[in-house]
Each structure stands twice: as structure tokens, then as C-alpha cells.
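Per-chain residue numbering starts at 1, and chain names A, B, C, D and E are given in the order in which the chains are listed.
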Amino acid sequence: MMEIGLNHYLVLSTILFCIGLIGVMRRKNLLMLFFATEILLNAVNVGFAAISHYYGDLTGQMFAFFVIAIAASELAVGLGLLIVWHKRHGTIDLDTLTSMRG
Amino acid sequence: MFEAVAFYLFAFLTITMFYITVTTAQALYALSALAAGMIFISAFFFILGADFLGAVQIIVYTGAVMALYAFGMMFFDTTREVKEKNGNKYIVVGLSVLAAVMIVAIFSAPIISTNMQAFYPMIEGAGNTQMVGMVLFTKYLVPFEVAAIMLLVAMVAGIVLAGKKMDLSLTLLNAEEIQAIEDEKNKKVLS
Amino acid sequence: MSNVSINIDGKEIVTQEGEFILNAARANDIYIPAICYLTRCSPTLACRICLVEADGKQVYACNAKAKEGMNVITTTENIEKERRAIMEVYDVNHPLQCGVCDQSGECELQNYTLEIGVDSQSYSVKDVDRSSHDWGHLHYDPGLCIVCERCVTVCKDMIGDNSLKTIARGADPLNAEFKESMPKDAYAMWNKLNKSVIGLTNGTDVLDCTSCGECASVCPVGALVDTEFMYKSNAWELTKIPATCGHCSAGCQITYDVKHTSVENPDDKIYRVMNEWNYVSLCGAGRYGFDYENRDVTKDETAFANAVEAFKKADTIKFTSTITNEEAYILEKLKDKFGYKLINDEAKSFQTFLSDYSAVSGKALYGSDLKVAMNSNFIVSVGTAIKTDNPNARYALNNSLTTNKGAALYFHPVDDPIIAGLSKNIVCVNHKPLQEETVLYLVLDLFADKSKLPTDIVDYLASFHSTKTITVTEVVKEKVVEIVKEMKVNEETGEEIEIEVEKSKMVSTKVSKEVEVDDNRLFAMLGMADNFMETFEKLMKKKDTFSMIVGPDLYNHPNSKNLARLVALVEKYSEFELVMIPTLTNTLGVALINELSDSAGEYAIGYNTVADFELNGLGEGDLDMPAINQQEGTLTSINKHVNPTNAALTYGGYTLNDIANALGLDAENTIDYTVALGTVAGFKAEEFDDLPDYYTNSGEEIRGYKLDNLDVTVGSDESVSKIDEALLLEGSLIYLANPVRQFTDFTKNTTNLDEKSGVYMSAQSLEESELSEGDSVSVTTANGELTANIVSDNKFAGNITILPTFDSKLNSGALVNAYRFASASIKKV
Amino acid sequence: MEQFNNRNVADNGYYMVDIEDYPTDGWGQFKRIVKRTFRIELFVGLWVVMREMIKFDIHTISYPEEKMPIGPRYRAIHEMKRLWESDAERCIGCGLCEKICISDCIRMDTSIDEDSRKEVSSYTINLGRCIFCGYCAEVCPELAITHGGEYENASDQREHFIDYAGMLTPIDVMKANAQKEFEGFGAITPHEDERVKTTPLAY
Amino acid sequence: MDNAYLIETVIKVVVILLVFSALAGIGTYFERKILAFMQRRLGPMNVGPFGLLQVGADGIKLFTKEDIIPSGVVAPIFKIAPVITAATAFMAAAAIPFLPSFTVFGYEVHPIVADIDIGILYVLGVMAIGLFGPLLGGMASANKFALLSAARAAAVFISYEVVTGLAALAPIMLVGSLSLIDFNNYQIENGWLVWSQPLAFILFWIAAFAETGRTPFHLIANDHEIIDGFGTEYSGMRWGLFFIGEYANMFFISFVIPIIFLGGFGDGSVLGAFALLGKMAFFFFFFLWTRAAWPDVRPDQLMWLCWKVLMPLAVINVVITGFVMMF
């Protein structure tokens, strides 16, 4: 227990990822959904960084950087879309995204 | 020992924070907890020797991403209670656990095997920042540039999407111009 | 009187012949300054400031009568000079104490001084000691007095107490050089002013009058003030709330002058009562009995719920007539809805009397009012202790006697020195109780047009007449010439010589003569003097307008129906204009609005009266009600006017309207029913807020509206029964009447009216019965017995004991059968 | 009044501030920022405040210890004066101050005293409502109510703002002949006698 | 990790906390005095000689005042927000070398809590977290002025973080390290960076005003238009924590600027140490000086200045530096 190994981090990563998934499933508000997505990305980052550390390889960190970059882009585009949506419908509730429903 | 204590402490804090984020109905709690969780995640990076990654995590995630989310919250009028989907709680939790375990298992399966080779092993005597720099600007130069372009595109997209009519300032317009805008709005509603 | 047109300052106006120029000008909104003149009273000519030029001559506008084609100029250079001089004279030695003077702010001396612009003083005279006096409820400061004599005038011409007069001031005579240097009228005014101040006629230092306070009210300066009000408040701090006095049926216009109680207590309090003294005069109760409000009442919800329950349980509502028309209407509506019996004995008897009267007269109401009475010059009063039943009727009587040079007959069993003292032209007849029919037959006999009167009555009247021979002593004056010897000094010689001078003088000699005269047995029946007919003929000289005032004694009389018919006959077949005095404040209104029952049911609700469940404005009952000065509403007066009154003080509790609403009626305020009164015969459908409340400059009363005197279809039956001489009261008598300034429990509740409850006896009867003031006596009649202390009263004389009705605790009404007189035995206990 | 009626500001030494046109486009704004940057106006401001700090020319006083003298016509808390002759209160209860007070903050109760004179039984000025206009002092015929210079009237109780005793000259001050007459608003001017018309006194 | 190191670290942390808490208080005293002098006033004079104990009086007042939590606020967030501001200010101190290392009783003391090799990045990052104080405080306050302030805080911090980062980037390129000790050492050899990077210095300095929210850019808690912004609903010591955070931030920035651009503590001599304190004092004084002299800009002008003037200049500066370094 006292010696922290890769598995510890992977379990932590799993738990965080699991929390993120729960969030994605039960959230109705789009912004909260985004929050859950960020948790997913962070969970993966922890995994990447841990593997990178335990295997003495920087690739994991690199991927973590790219994940952060992706998160930032997702935020920029996502928030832009949300603002447009909110301007048009006055709400960002998931239930309002029904225009594609047959 | 410090490492273990730090790990368990931060693991506990991170899980708690993220749990609060996904369960609370108070949007402000979610935001605060998520931001705190991000900072605690960066602690893992520091423990794991990825100092630069940790600093970037703090600056980018907490300093920028969360601030933008807060901005968005003020925009969307969700600073208070938020509604939630009324699904079966157990199914949601069960499915999530299952999916998480599977995904992590799939991705980590090859890693756990012992015959792993480091593509870019650590260089002795160089700090983490230097190594990151070296690897990033050599092996990952192209992805880096692509990521940079992606960020630029995202930024432009964000500005274009959200920034329509953002340059209008009602305080600087005169009465007639404001009336014209009002009329335009009304016309849309009427038609 | 015929109309004449005169010209004042180029304005053509039409007025009545004989009208004073001042009144004519006022009626047409032409301003002539005047200090000493009081409308309705005779001119005093004390101030001389109303000087005008009529047809080139300077006359006093208050005194000069309008003549056809008269040309009046109100100001000329000379008149202005006179007025200026007069005002300067008034300011001579007038103390500069406006700061503490109660009149400051409504002082006519201030007003005229400012208006005429007196900014310097040309005259002076040495002042004398003019220290102030406390005259009981009035405070007189001769230093402030300008001797306009308005107080004297109003006391004499309106009130009739004659309590005030001018007395010598004791000042040095004016410097003779003023006679030359100052304008003539101003000098004359000053000369008079410098010689007199106001004093009391009774020679003591305490007023002994009916305490109406009218003199303080008319005082233009702060010389006469009410002791209670003195230094309490400045005039401008007081909010004037127009209202109608709720104590008697006269319905006088008053204003409650209201201000916060003190620095600590912001609640309103009535400080005094004021009136338009040019057009209306108040009695002592109206003037000083203002603080009878139901104080510190809050909404007691349990009591209210109990009241509603009681109303659901009850089958009878008892009430007194000290309520507004609206409340009476609410009671009537409740009666219609729930079938209550409405019990109000005095209103019921008045109602019956009125309907009996209508059966003969063909009119729903009596034809006249007190204004007419005031302007008439012959008044007959029957069946009322007029001084206390309705002080305004007394004022009308007095005004008619003094300013119209009128005469009056006052028929009442109680000897009243005040009424007797009004004038030498009033004849008081103290007949026995229950003889009111005889009185009315006498009136018919004396005044009725016998040619129109039904023949049986004419015959009946004729049966009282007989001829008898009496010995009359006549005085014959003869001229007697006699020779008288006188000593005379010879001018030339200086010697005295005796000469004879022939002197003539008138000598009267008494001659007895046998004369055959008409003997009217009615005189003897009423205990009148034998030579009444002579007196009567003197009184009747130059009389052309007649009024008759009848009062509550008739309504409660055992033969009231017959009396009512007689009264109607008097009105119908003589020149008399008739006024009836309603018993209480709104008896007339209640009699018109409510359908009253004779007998009560099992469970009664009392409004201001004793019953199983009491609603009470006196603060004593089971549920508090507002007093009249806390209510909006209308009151019906003796003048057949429906007068609006306003709430002077706030009332925090429930009103009758709240109960009515709880029982299913629907009106936000009590005054919502004012317009609904229009459904009652005689009333008009007018909103309360539209009712006017003011007097015009010509003295016309624009208050509320006048009741329509509707025609009633009657048969031709004009029969009346004969005098029932068997009706007699034996032994010592009691009479239900109130002392001066008291009417109901509300006046008893006030702090300024200090008349005590008790058995009222005159000095004479005290002497005869060897009782003294303060003794406890028991009064026993066939109906009951009560015990109370004796109160000595010099406002009436004779042997009748008076039991007041203003104290319901005394329950004096239980001692009599309806009629106000009863025989009783009075014993000391 | 003429000098106040001329509203032609240009003639009276006023001049319009020359407001430059705002730049409408980005280039203009950029030019303006450059211009302003190189004109170093900002540093002039810095210099001015620095200069004042170095000069250390302090223009304030330390208030509770030192106080500025106030003019005799200053209208602060009212004072109720006493008569020099008898030490009695000057107020006669005429009620003029109560009447004229435009903020309706003066109230008095008057009554008749044992000598049959008018006495003021209670008198309050609600200082919380008073606007210190001075009308009461001007209208007072006895110079009883005046304005004093006492302007430090902070209190934690509203009651203290209606205190009559605090306004009346204390009796010991009066005994020491230390009552200060008011020279300000409403007081008698030195030339008052000339405005009085004489009355003949024949005796 | 030996015990000596631990003890040393703990002592350093405690000393920094104490010194800078006190400095924050004294900073308010200096601010009031200097502003007063510049405005021909005397400033606080009553508590203690020349009002020196005013700080203590204010402290006592703030500590003893009722801690009001208005109804309608999101209480936990509302309570924690002032702590974030104060805490991040002190956290930033961990990577700042305040003085050259010196020897006490034969033991070498490094007056830096954690000499991490990404020091400058760490300082920037922690200052970025400082944003959450005003942001959460403002959003939790249930007050429109507080919310406005929170929005402004988010906008200003995100924007000027960019300028700060880009301005610091050029010196970082020159030094080749993120450690502030390395910056110091670089400047001993190559002269002060302000001479080689004047533009970066000025940009960084300007951004410092925005990051601390001081007067020309005093928009986040602008008293005269949004009352006290995020501090509107706060009272007592919670408000005091915001205050301490602000002044601590000013002191740290005043340390960081000379360390990056003005030679830091130099070669480690006593003179150098005093020189650093002097430089720090100047920058702190300058914060007060501008407050006395300059007006505030509008929020939109602030954004305009950031994105259209400062950031392009910073980018150009980075590019030019890169070119110069290449050739």
C-alpha cells in the first residue's frame, strides 16, 4: 500500500472516468455536461501522466498536452455554440435539442 | 511515504470534488468543485515529476477553461439550481462503472504487459521542462503545429459564433440606432 | 316687504326694503368693513367703521336702511381718513402681546389694522388699570377689549341672558385738542370707547347665565376667551372639521377644531367648537360638550363575533335617537331582512303625533322652521321647556322678541325666570299639567279664523265665553287751574313782593265704572290673570307674522292624538306657522325612516340603551360604537334639514355598518347609505360627498338638503274631542327635563359640562320643603321610585321638581307613564 | 439681479471646453493612443502629485482637536435663549416658529400657568427632520430661538435630536452672564431703531 | 528529505506568512498616508504616533465585526472565496527568491520556499487561481454588482494572463529557464534584462496593474460604479481577507518585476539584498503613486488595450527576440 505504483494511478483514473461518465449520463444541463466531459479528459490525463512516469517515457505527457489543447478547443467551440443556442432558445437544456428528431 | 500520503490525500480530494461536480444541483458548487478538482489533479502531475504539465494544467484548466465556464454560466443564467435527468440512478452508475473499467482496461492492457519500451526515455540531468521541450519540438512538432492550428481555428470559431453583434455598445449608440436595432428584433418576432 | 334696487359702488343690486345697507352689500359680495355689527342682531354703532356715503351723506351701513334708488359709495377720501383714525384709536394702548393672545391669527383687530395699513400712531391717552377677570368659564381681559359690544349684543339679542353690559372704565377724559385734530366719527367712537369696558349685569364677578359661550365666540379680539381653551393652541394649528352638533335636534352648524393632543401624543383631540356666529348660535352643550368621543377603542374581535351572534339571536332592537340617518336606515334594512322589532319610545310617540297631525293637516311634516320663527314677531310656545328642550328655539324666541319688537306667549307648567326675563313682551302662563288641550283651545279661540273653523269647534269655543260686569277703575286726567302765591324779587327795586301766579296742572282722578266685558273661562282654567285680554291686545299691536312652537309635552300626553289634531287645526285655520321640537337629536329622522314597534320581544339588542346585548357609543356596552363626533353621516334637524356631519376624531373599532355587513348587507362605509335614504319619503337621493355645508354671505344656509314636506291624502274629518277636565295630577309634581347644557348621556360624558345628575329643585321649593342642596331624597311615583341627591337650580322657579333624563343611570323615565309630568312624593332619606 | 440673468456664458469669462472628435475607427484610436502615449500626459499627472507630496503643504486641519472658525450667521443647532433681566426663558409660546417651520419639525404644547400667563409646557425640535433653514429664528418675535454654532450632533439615539433642555441656555451659564447673543440670521440689525416709527407719548 | 530541510521550510513558510500579513497591513497604512500627502492631507493621525497603530485598530475592527452571511448567498462558496484570494497570494510566494541566500550560524539559508525549476510559470499559475476569489465571491453573493464584478474579474484575468505570459516569454527565451534563481544569475552575467527587453518589461509592468486590480485598471472592485464589486456583501474579516490578498499580491508582484527584469538581488551581497528591497519599494510606491495621479479606464478600454495593443506588441516582441536569438 505504501509504495504507490502505476496500478494505483490507473484505478484512480478509472474512478475519475467513471464519475465523469455518471455525470455525462445524468446531467440535463449542457454546461454541466461540459463539466462532466472535462472530468473524463482529466481522468485520462492522470492515466497518461502516470504511465509516462512509470515507464520513463514522455509520450504520455505529450498526449496529456494534446488532450489539454483539445479540451481548450472544445471549450472555445462548444461555448460559442452554446451561446448561439442560448440566444435562439433562451435555454441550454438538453431536452430542447430536438430539432433533428423525426 | 510522503508520496503515498500525498497520493491518497489528493486522490480522496479529487474524487470528492469530481463527485460533487456531477451530483450537485447547485451550479456554483459544480463549478467550484470542478476547479478545485483540476488543481488537485495538477498535484498528481507534480508528484509524478511532470512539473510543466502540472503548471500548464493549472494555468490552462483552472486559469482559463474554468474562468470561461464561469463566464458562460453568467451568460446562461445557470448560476443557481440546475435541472437533472431523472434516469434510474443504479443503471446510470452501473453502466458508467462498466464502461469506465472497460475503456481503461482496453487502453492500459498493452501497457501493463511487461515488454514495454520507452519511445522517448528520460534524459539524465535535464529538467522536465527541457525534456518536454525537446520531445515536443522534435518528435511531436507536427502534431504540435496541428494542435496550434486547431486552437486557432477553435478560437476563430468561438469568436465568430459567440461574438455576433458583440461590438455593439448601447451606451455609444444614439437613440435612433438603438431604435433601429429594436425594430429589427421586433420584426423577427412578428414574422 | 317690497324689493328695492340700490346702487353700491356702481353695482346695481336688488334688496328688500328696510334691509340695512351693510347686509345688502354683504349679500352681493360687496365689502364694507364692520367690526361691531352682528347679522341677526340689532346694530350697536360702536365701531363706526362701516361708514359709507349714501346719497352724499355719511351714514353707518349697519344702521341705514336701503331706500329705492339709493346711491352708496363705500369709500371716499374722508371715509378712509375716518377708518384709518378709528383703527389707530383701536390700537392705542392695545397690548403688543399677539404672541400669547389666543385670538392671534383670527383676530379682527389684526386683520383690519393690517388691511387699513396702520403703520404709525397719531393718538395717545393715558392708560388705566385694566387687569383681567376670571368670570367662571370665561376669561375677560379688558386690556385687549375694544368695546365693540358684540358680546353684549349677542347676549341680549340672540341668547337672551342679558348677562353683559358696558360699565365705566374710569379713564381720564380725552385731550380736548383731539376733537379738533381728528376726524369726527373717530373722535366720537374714541370718546365712547374711553369711557367703558364690559362688565357683568349681576354685579358679581362670576357669570350666572346659561353658559353658552357665544360672547367669547363673537369676540373679535382675545378679550373674551373660554377659560378651558385659553393658551391651549393657536388658531392656525387647529384643523377645522365641519360638522353638525349632535346634542339636540337643532342641528347647529359647528366646526370641531382639532389638533394633536400633545407633543408626545399625536392622536387628534378636539380643542374647541366654533360656529358661524353670524348665522348660527350655539348653546353651552354644543360649545363645550365636544369631548364625548368613545376613546381608545380597538377592534375587539370576540366582542364583534358576540355582537353578530346576538344579532342572529335577537328579535328586537332598542335604540335611542342619537344616531345618524344612515344608522337608522341600516337598522331599518336589518328589520326588513330579519324581522326585528325596532323599539324607540320617544321617536315612536313623535311619529304617532306626526301622523295624527298629518291626518288633519294633510302634510307629512309641520310647515315651518325656527328661521321662520325667528323672523316672526309673535310666537306661541306650547308644551315645551323651550330653554332646555331646544336652546335654538329659545334663541329664535328671544331674537323675535328683541330685534323684531315681537311678543310671545309661553305656556308651560314650569315657571322659568329666564324665559320670563327675555322681554317684557312675553307672557308666561304656568298652567297645570295635562291642560295642554285647554291651551290649544285658547290659541284657537284667540287666533283662529272663526269663519273657517268647523262649526262644532266654534260652538265649543263659544261655550267658554260669557259676559260679565266688572268694576273698572279708570284714571281720568283733568286740567286744574289754581292760583298760587309766589314771592318775587323786583328787579328794579330789589324788594320782594308777593304776586299771584296762575298755574295749570294735570290731575288724575280715579273713576270707577261698571263695564260689561267678555269673560273667557279658558283664562281662569289656565290660571291666567283676569285682565289678560288687555295685555293681549297690547301685545298684538303691529304684529303680522305668527309662529307656534310645540314641544314634547304634547307627544307624550295621554290625549296626544287629540292634541295633534288641535295643533293641525291651529296651523290650518290661523296665521300660525308651526314648528315641532323633536325630542332628541335625530328623532325626526328616525320617525321618518324607521317603522317602530310598540312592544319588545324576548331578546333585545340595545344601541346606546339598556338591553340584553348593548352596542354603546359611551364605552360601556358589550361592543363599542362610535359617538356622533366620530361618525360621518347625516342628521335631521328641527328645521327639516338633512345636515351632513363629519368625523372629527378617528375611531378604531367596529361600526354598525360592520355588523350589518357581517349580517349580509353590503356597503363599504356607513355613508354609502346616504344616497339610499332617497327611498324614504321626504328624503333625497344624494351622495354624502355631494352634500354642501356652508352659509352664503347673505346668511342663507346651504347645508345638506331640506326634506320635502309631502302632501298626505286625508279625509275631511277634523273632529277633536273636548277638554277632559277630569285629567289632573295631584300632589307635588315632577317633570322630566334636563338642566341647561345637558341632553343625553353623551353630554354627561364630557369633561367641560359639570352639571350634576340628581333631583333638581328650585330655590323656592327647597325653601318650602325644608330640604337643602346635597340632601339625598327618594322620589316615589305610581310607577316606581328612585333615590338621588338634590341639586339646587336657579334656572327655573316654582314648585315642580325636575328630574333630568341625561343620566340614564338615574333612569328617571321609569317614574312616569310616557307623559313628562307625574305626581310624586319626595322624601328625605 | 441683472448680473444673474445674463446667461450668455461666453461673455462672462466662461469658455467651452474643446472636446476633440472621438476616433471612429481602430486606426484612429490607435493613433490617439500613440499620440497620448508620446505626449506623456500621464507622467505630468504623476509629477503633480509627487510635487505636492514633496512640498508637504498640508491643507487640512486635524478636526476634533482643531476646528475651523464658523461665521456668526452659521445655522447649526438651535439655541433657546433666556432673558438677561430675569433668567426666565424668552420663549412666550406664540407658535410662530411652529407655523413657519417648512419641515414641520417644531411642536409645542402651551397651557395656562398659575399666574394666568401663557407657559410653554413642552417644546421640541425634531432635529432629525430639521433642515436648518433658519425661518424659526427669523420669525421669533422675542429672539428666543436662534441658531448656534454647535454642529457636532451625532448620537445613537433619535430621542436626543428632539431635546429641549439641551438647547436652552443652562442656568449656570446665564448666571455667569455668559449667554452669547446671536448676531446671525434673524437677529436685530444695528440699524433696527431707524426702522421703527415713533408713537406719541403724551404723558 | 532531512529534518533540517523540513524545519527550514516550515520556518520560512511561517516567516513569509507573518511578514507579508504584516506588510499587507502596513501597506494599507502607507497607501493612506502617501495618498493623503499627495492630496495635501495628513491621512490617519489619531491612533498611535502619526496614526501608526491605525493598522492595528483596523485589524481589531475587522476581526471583531459581525460576520454577516446574507440570506440568498451560496453560503459555502461565499465563505471560502476570500480564503482563496488570500491563500493564492501567499502560495505564489513559495517560488519567489526574496533575498540572496545567506549563512546563519553556519547554516545556509535560501530565502525561497521551493526552488522549483518552473518558478515563473508557477507564480503565473497561482496568480491565475487568484481569479477564483473575486469570481466565486461575486457569483455567490446574490448581488448584481458582485456579479458584474465577477464577470469583469474573469475577463480581466484571462486577458491579462495572456499578456503577462507573452511578456515574460521573451525573457524566458533569453534566460532559457523558468527558475527565478536562474533569472537572477543570468542577469549577474548579462546585465539587467530591462535593457535587452524594455518592451517586455513595460508590458509586464502594465499587466501587473491589471493582475492586482490597481488603479488605472481598478475595475473589478470599482467602488464608484459597482460599489465594492465582489466585496459588496462581505463584512468583517472575510472582507479583510480580500484586502490582505490584494496587498500581498502587490508586494509579490513588486518582488517579481525586479527579479525578472531589474537584476533581482544581484550577486548575493548585502547591498544587492537592499537594492532588491529598494526596487520592490519603488514598485509598490508606484502602485500608490498611480492611484493618486491617474484616472481609471473603462472596462472596454481595458479589453481594447489588452487585445489590440499589448498582446500584439508582446507577440512582436517574442518574434523579434526569437529572430535575434536565431541569428
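To be clear about the criterion, a contact is a pair of C-beta atoms (placed from the backbone, for glycine too) under 8 Å apart; a residue touches a chain by one contact, two chains touch by 3 or more.
Since the model is a prediction, treat every value here as computed from it, not as a measurement.
With steps allowed only between chains in touch, the distance from chain A over to chain E comes to 2. The chains touching chain B as well as chain D are E. Annotation: B-E is the more contact-rich of the chain pairs D-E and B-E, by number of C-beta pairs in contact.
Compare each chain's C-alpha centroid with the centroid of every protein C-alpha atom shown, and the nearest one belongs to D. The chain with its CA mean position farthest from that of chain B is C. Using mean Cα coordinates as chain centres, the one most removed from chain D is A.
Inter-chain spacing, taken between the CA centroids of chain A and chain C, is 102 Å. Chain C and chain E, compared by their mean Cα positions, are separated by 95 Å. Note on chain placement: the centre of chain A and the centre of chain B lie 7 Å apart, centres being C-alpha means. For chain A, no residue reaches two or more other chains under the stated contact definition.
Counting partners per residue, chain B has 31, 52, 56, 64, 68, 73 as the residues that reach two or more other chains. Under the contact definition stated at the top, not a single residue of chain C touches 2 or more other chains.
Listed by label, the pairs of touching chains are A-B, B-E, C-D, D-E. The residues of chain E lying in touch with chain B in their complex are 1, 74, 76-77, 80, 116-118, 121-122, 124-126, 128-129, 131-132, 135-136, 139-140, 147, 150-151, 154-155, 157-158, 161, 165, 178, 300. Within the complex formed with chain E, the residues of chain B that make contact are 2, 26, 28-29, 31-32, 35, 39, 51-52, 55-56, 58-59, 62-64, 66-68, 70-71, 73-74, 79, 127-129, 169. Chain E contributes residues 34, 37-42, 45-46, 289-290, 292-294, 304-305, 308-309 to its touches with chain D in the complex.
Of all residues in chain A, those touching chain B in their complex are 1-4, 6, 8-10, 12-23, 25-29, 31-32, 34-36, 38-39, 42, 45-47, 49-53, 55-59, 61-62, 64-66, 68-77, 79-84, 86, 92-94. Taken together, the chain B residues at the contact with chain A in this complex read 1, 3-4, 7, 11, 14-15, 18-19, 21-22, 27, 30-31, 34, 37-38, 41, 44-45, 48-50, 52-53, 56-57, 60-61, 64-65, 68-69, 72-73, 75-76, 78, 82-85, 87, 89, 92-93, 95-97, 99-101, 103-104, 107-108, 111-112, 116, 118-122, 131-132, 135-136, 139-140, 143, 147, 150-151, 153-155, 157-162, 164.
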